[in-house]
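Here come two complexes built around subunit A, the first alongside subunit B, the second alongside subunit C.
And then the complex of A and B:
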């Protein structure tokens, strides 16, 4: 098949191309021209040419370049994949509305309001959108098509067609992008904001993009092809091997699976009515998110201008809440043991590094002070050390609770959460009591400046990745199955040979282990430990993170931790600052309330707002934001039968995503 | 293990209950019960509601501790063990009102059943050394093999959450889970409860196959007399916690005490004993 042939769209392909090129081009253009995409690229290029007007280091340039390459390459490949994967059942307008609501609106809100507030506003906009859409669907008597009707077995010809559509998607999207970009650059050049040298590069870019588009589109096509059902008698590659090594054709499997399972499977297949929501597309989103998180410290100044360090510090704090929530999820989510005193282990982890990582220990033992550099390097082994100490206490405090369940267990653990900080307060000979320990050393790492927030950002990122990895491994292991079995039915678990005592203690220990990691990070970041960092309120917040995110679901708990952190500790804490700014709408709200209740501040009702939010979330999503499959079944077992899949694409990972599936 | 096997060959009973008594408060649920189950035998325990049948199972599996008396498996006492150690000794059970892990898949349920057969500890779970990977693969293979005992139907539904299964399939998964611990003695608590005629017939067939193909010894609680009479080598009849008769199915059927216990009191309704 010659290149020329592959690139001429047939009539039905043309509609798909228009649908997706417009759908994807608008957001990427907004990012590039309205926001900072162009600025990032130009700065990277200028520093490459040595004529940069800002003193950018070479490592910064490399990071920027990698980010830009990943971003645009992923979007182009995604275009190829979407054109190939689309079954064409859904109309253009519906798709564009979805992209508007789920990509453009967040983008614009984040540009104008900042990352956290922007996303928080999205969380308000999206449910409203669902509400309106549902009303409309009802008013128009619209019934969404069943996705299962479109499960297609593809023969060799159709597969080739799919592939060429992928290539065309990538190619024509790149061409459109290149043209738009060139036109924009010409305008910039004429208005005098673009140096001549960059215009030359822009021309080169215009030539390279279509070629890159061809190959990236091919990549998208390959990914789409992987998810097709091929004819059974058409060779070997099509039948999937199940885990037991027995060969069952995928089609046969589908026929045998229950409807609920089929529905999940159908979302995974190509051609797909909802390609934006298919598992293939989710891989691309994952790449984009990972690239964004990884290079965030570098691109932040371009995206949000001043104040990078402060923002990074805030995100670093959010990070240790993620670790804490994931740790608590082992105890509460997997093993089903309601623990209200989780803050105790966090405190133990903090004090572990607080005492060793400062002059406290050497003073106590009246030893000569250790070289600060050595002490800083000691952080790395001690982060595991602190975790092991916390795990030890987790097991120790778990022991007396073994015979307790449910409410009784909660009360006893609640006691521990109160006792441990008090113990640290009263052991003032070792912990300086209420004054806490100050002068705790930060970690040592060659080349890192621990006075800025960036190293902490990457440190917590690394720790989170580690925590997620271990959590997934544990969940899918013999031990993880035993935990879930205990949660489901203790008697049946014991009668299946699970030692309840050891397994529960391991859950307490593993949960506490991660709070120890978070604690050591917390002490190092803060440079000190004080007993009033740890209160019952914190335990409740950790539990809220787990419950709101989705008990037992690892992605859910991560989202829950971030959501609770950004609402409670970021957004609500900032309300008064925001209200002090006359240009902010909150200013008027504040004045109106203050005229009725003199002396009113948002700080006074902060907990009230947070509490009301929790209640609202729990009423509308009792299973959490991103529930685990098990949990969803548990809470919607009865309603599960009448499930219909929503007709409209929702971006996966968006808060309304699961909501749509459930209806 | 070798000691136990030796005793099996020496011809002693596999399971022996010796004057086992269990009081709940002042109420005697089981009183002076003697029971022997020989290797490769199918023994049924029958009796009217509240006769203490499930209590006997709970005593054998150490969910309860007997007030007095001794329970021995292959001549080693079980009294005082924890339930999981009973499984390690080679006793597996099912429950009268199916106790599966509802929000786990069919495969996961059977994998949990293999808990005692697997060795991976917490470090193995995190670091995945080759032997753990191998063990997991092997466990999945064996789980499928166990499910295949009931034909291909459960294999095709292995990724299904058990809460979505039919009643009969749930029973099958529960038995597969019990088999996964590689038991010598299998305790089945009303394996045909709630099943229709055809399903009951099939259940009878696989209980026999469990003995013949897997060489298991089976102790059975059963309400349906047709089932019991058909498959049991011996039958023990309980009434008010005491054994009132024991013997071959034919003997028991003609025993006057049994007839009185059953017909005189009309005990066909659902038994409401629960494990706790």
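And then the complex of A and C:
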């Protein structure tokens, strides 16, 4: 079979190709031409050729080039994967609407409103979309197609078919992209905004793209194939791999599971009704997100023009909230110990680096000051030191609470959270009291300029990655399972041989450890420590991050921390600034309210808006935005379990049956 | 010693207010195991409502206060008005913020309560502004000297009102049908429902009474201290909640005891000398430390009595 033959689509494949090429091409075209994709590439190329802004330098070119390559390659391979993985059951229009709402709308909002406000607006648009969609589905008596009607073991022929669909997807998508891009570049050239040299490169690109598309599509196909049900090789049963055997039994398991489980598990398999949500596609999204985050400081000036440093500083702050939320998640989410005084450990971590990392300690001990370079380098060991100090106090707090249950525990932790800031405030001999500690040194790292925000961005990124990694390992470890056992049932856990005392103390210690890390970072970033930053209100914000994200769910807690940070500490804090600008729609809103309530500012109702959001989110998503799968199963175990009808007093379907089952 | 007794009297007065607020916490906790963070803010709304009712009677800072029967009438109307507004507020909050979460995971209503607390604070800000509000002093302040200590007429009024309300509550909970239903729901919601208790109604009544007591606390706070501000509920709520836990959460007598105890500790803490002047004590004296001292006492008590002073150690359900 020649390559040319492979690339001629059959009829049903043609429909799939149109569906996905249009679906993916529109957002990527918007990114390239409306936003800054084109600008990034052209700048990168020009700086390489030495004709553009030379000051940008070669390292910038390399970073931009890597980002661009990853971005486009991933999207092309994704196109291949999606064409291969799609079962074709869901219609073209439905998919396009999904892509419009979930990709295009966010993209446009972020372009016009900036990253954080754009995403916050999405959080308003999406629930509205869900609402409208549900209404429509009800009005039209729409029933979703049964999942996995075509869950089957693919034979060799079908696998080859899948593979060729993947190749075609990648190839034709890149062809379409190349053509659109070339036409756009020609228009730019004619209107005189594109230098000739870039046009030549554009022609080369047009030739390379289809070839790259062929191979990337193949890659997409391979990834799709790895998620199929493989046929058991009957010819020589012995050689049938363990893998295939597992798949078969998995299928058998699937038949016995309930529909919801089926849906959940089926997301792994190909062909797939919801390929966009399949775990295969999620890998691609992960690559895109990681690339975006990793190269963000470089591409930010192209995406949002001036003000990069300020934005990066903001994201750095969001980062330590993520660490704090993940740390609190160990105590509250894994071990189920309600902690309302988590801010205390954050304060301890901050003061630990604040006192050591400034002249405070040497002044107190009447020693000659340490060489600033040495002090800066001390940050690296001290970040662990601060974390260990915080962990020690975590264990110390844990000790008196061991015998307490539920909300008695909450009040003791709350009390601890109140005591610690008072101690720091009143022991002003050592901590400067209300003035706080000033002149805390930033970390030292060869080649990094700590006056700009970029090194802090990468520092917090590294710390977050470390925290996430440790959290995942902890959760899956013996200790993590012991925590979860305690959360579910303390008595049962103790009866199974779990040492309650040690396990609980380790939970407090581990949780405090991470807030110590966040604290040290906070002190270094701020260049000082102020006792105002550690109030009960902050503890409550941390708790809200964990609960809104989804207790015990690591991705949920990250999303929750970012959401609460961006809404409460970023967006709502900016409302007054935004309303002061006459061109902003908020200006009119502000004036209208101010005519009823004299002296009204958005600052005065900031908490009101946040409070309403908290209540609404909790009512509509009581388990959080991304509930942990394990907890969801525990919470709904009763609903999912088959009930033996004979054991019930109420006949199924009769009034009151629901309550009976729940008990 | 004189100072000690004097602070004891002050402490008992403040403690009576804490106790009234603590009752709301403890009742709600007892019945649905929810830390009702918004409760302190309901109390704060109560203090604001009293100011508005005074204004409606034409009593301002500059006008001369009513006397005799008129004074009693104004006080009674204000008390009932404040209690009614707060009680209705409590029921509305329960209906819209907590009832939808009755079967949700445990922390969801807690976050919802925090949300309501934030909402109430900002509503108060919009209503009366962000500054301290001075309440007109309508109750004649007479000082009685018993030996070396001084008791004002307001102190006595505060304690009397608090004690009367607590006795009424105790009677309601232990002697009436509603009270029995409340205790039944607190013990086992499903079983109570099976016995024909309307659980939703009983929970609403609990919120009604608890919030009403907070409204009463609002009036006596205004009389005693003569000033209020929108964030008052947060701090006081915290102490009241501590009082509820100290006494044994869910236990009404315990809440009263805890409230008075915390008021007394808070008052006595101010007697601790300043160690910066040399000698034993704490830096800057005891006053800035009072919160820390309260919580340290709380932690110590809980270490030895994990269910609070009067809380019963219930056998754990397996």
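As a convention for this text, the second predicted complex is superposed on the first by the 603 of 663 C-alpha atoms of A that agree within 3 Å, B and C clash if a C-alpha of one lies under 4 Å from a C-alpha of the other, contacts with A are read in each partner's own complex, and residues count from 1 in each chain.
As a working rule, a residue touches a chain if its C-beta (ideal position, glycine included) is under 8 Å from a C-beta of that chain, and two chains touch if they have at least 3 such contacts.
Remember, predicted model here, so these are calculated numbers, not experimental data.
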item: Which superposed partner A:98 touches (first subunit B, second subunit C, both, neither); value: neither
item: First (subunit B), second (subunit C), both or neither touched by A:536; value: second
item: First (subunit B), second (subunit C), both or neither touched by A:185; value: neither
item: Partner chain in contact with A:500 - subunit B first, subunit C second, else both or neither; value: first
item: First, second, both or neither for A:317, with subunit B first and subunit C second; value: neither
item: Which of subunit B and subunit C A:470 touches, first, second, both or neither; value: first
item: Touched partner set for A:622, first subunit B, second subunit C, both or neither; value: second
item: Subunit B versus subunit C as contact partner of A:491, first or second or both or neither; value: both
item: Shared contact residues on subunit A - subunit B and subunit C; value: 491, 631
item: Residue numbers on subunit A that touch subunit B, as the complex places them; value: 242-246, 248, 253, 256-258, 260-261, 470, 473-474, 477-482, 484-485, 488-489, 491-501, 506, 510, 629-631, 633-634, 637
item: Residue ranges of subunit C in contact with subunit A within the complex; value: 29, 33, 35, 96-97, 100-101, 104-105, 107-112, 114-119, 121-123, 125-126, 129-130, 190, 238, 241-242, 245, 249, 282-284, 288-289, 291-292, 294-296, 298-299, 302-303, 306-308, 316, 318
item: In the complex with subunit A, residue positions of subunit B that touch it; value: 61, 63, 82-84, 87-88, 92-93, 95, 99-104, 108, 111-113, 115-116, 118, 120-122, 124-126, 128, 132, 136-137, 139-141, 143-145, 155-161, 163-164, 177-178, 180-181, 275-276
item: Residues of subunit A that touch subunit C when the two form their complex; value: 332, 338, 400, 403-408, 410-412, 414-416, 418-419, 422-423, 425-429, 491, 536, 540, 543-544, 547-548, 551, 597, 599-600, 604-608, 610-615, 618-619, 622-623, 631, 635, 663
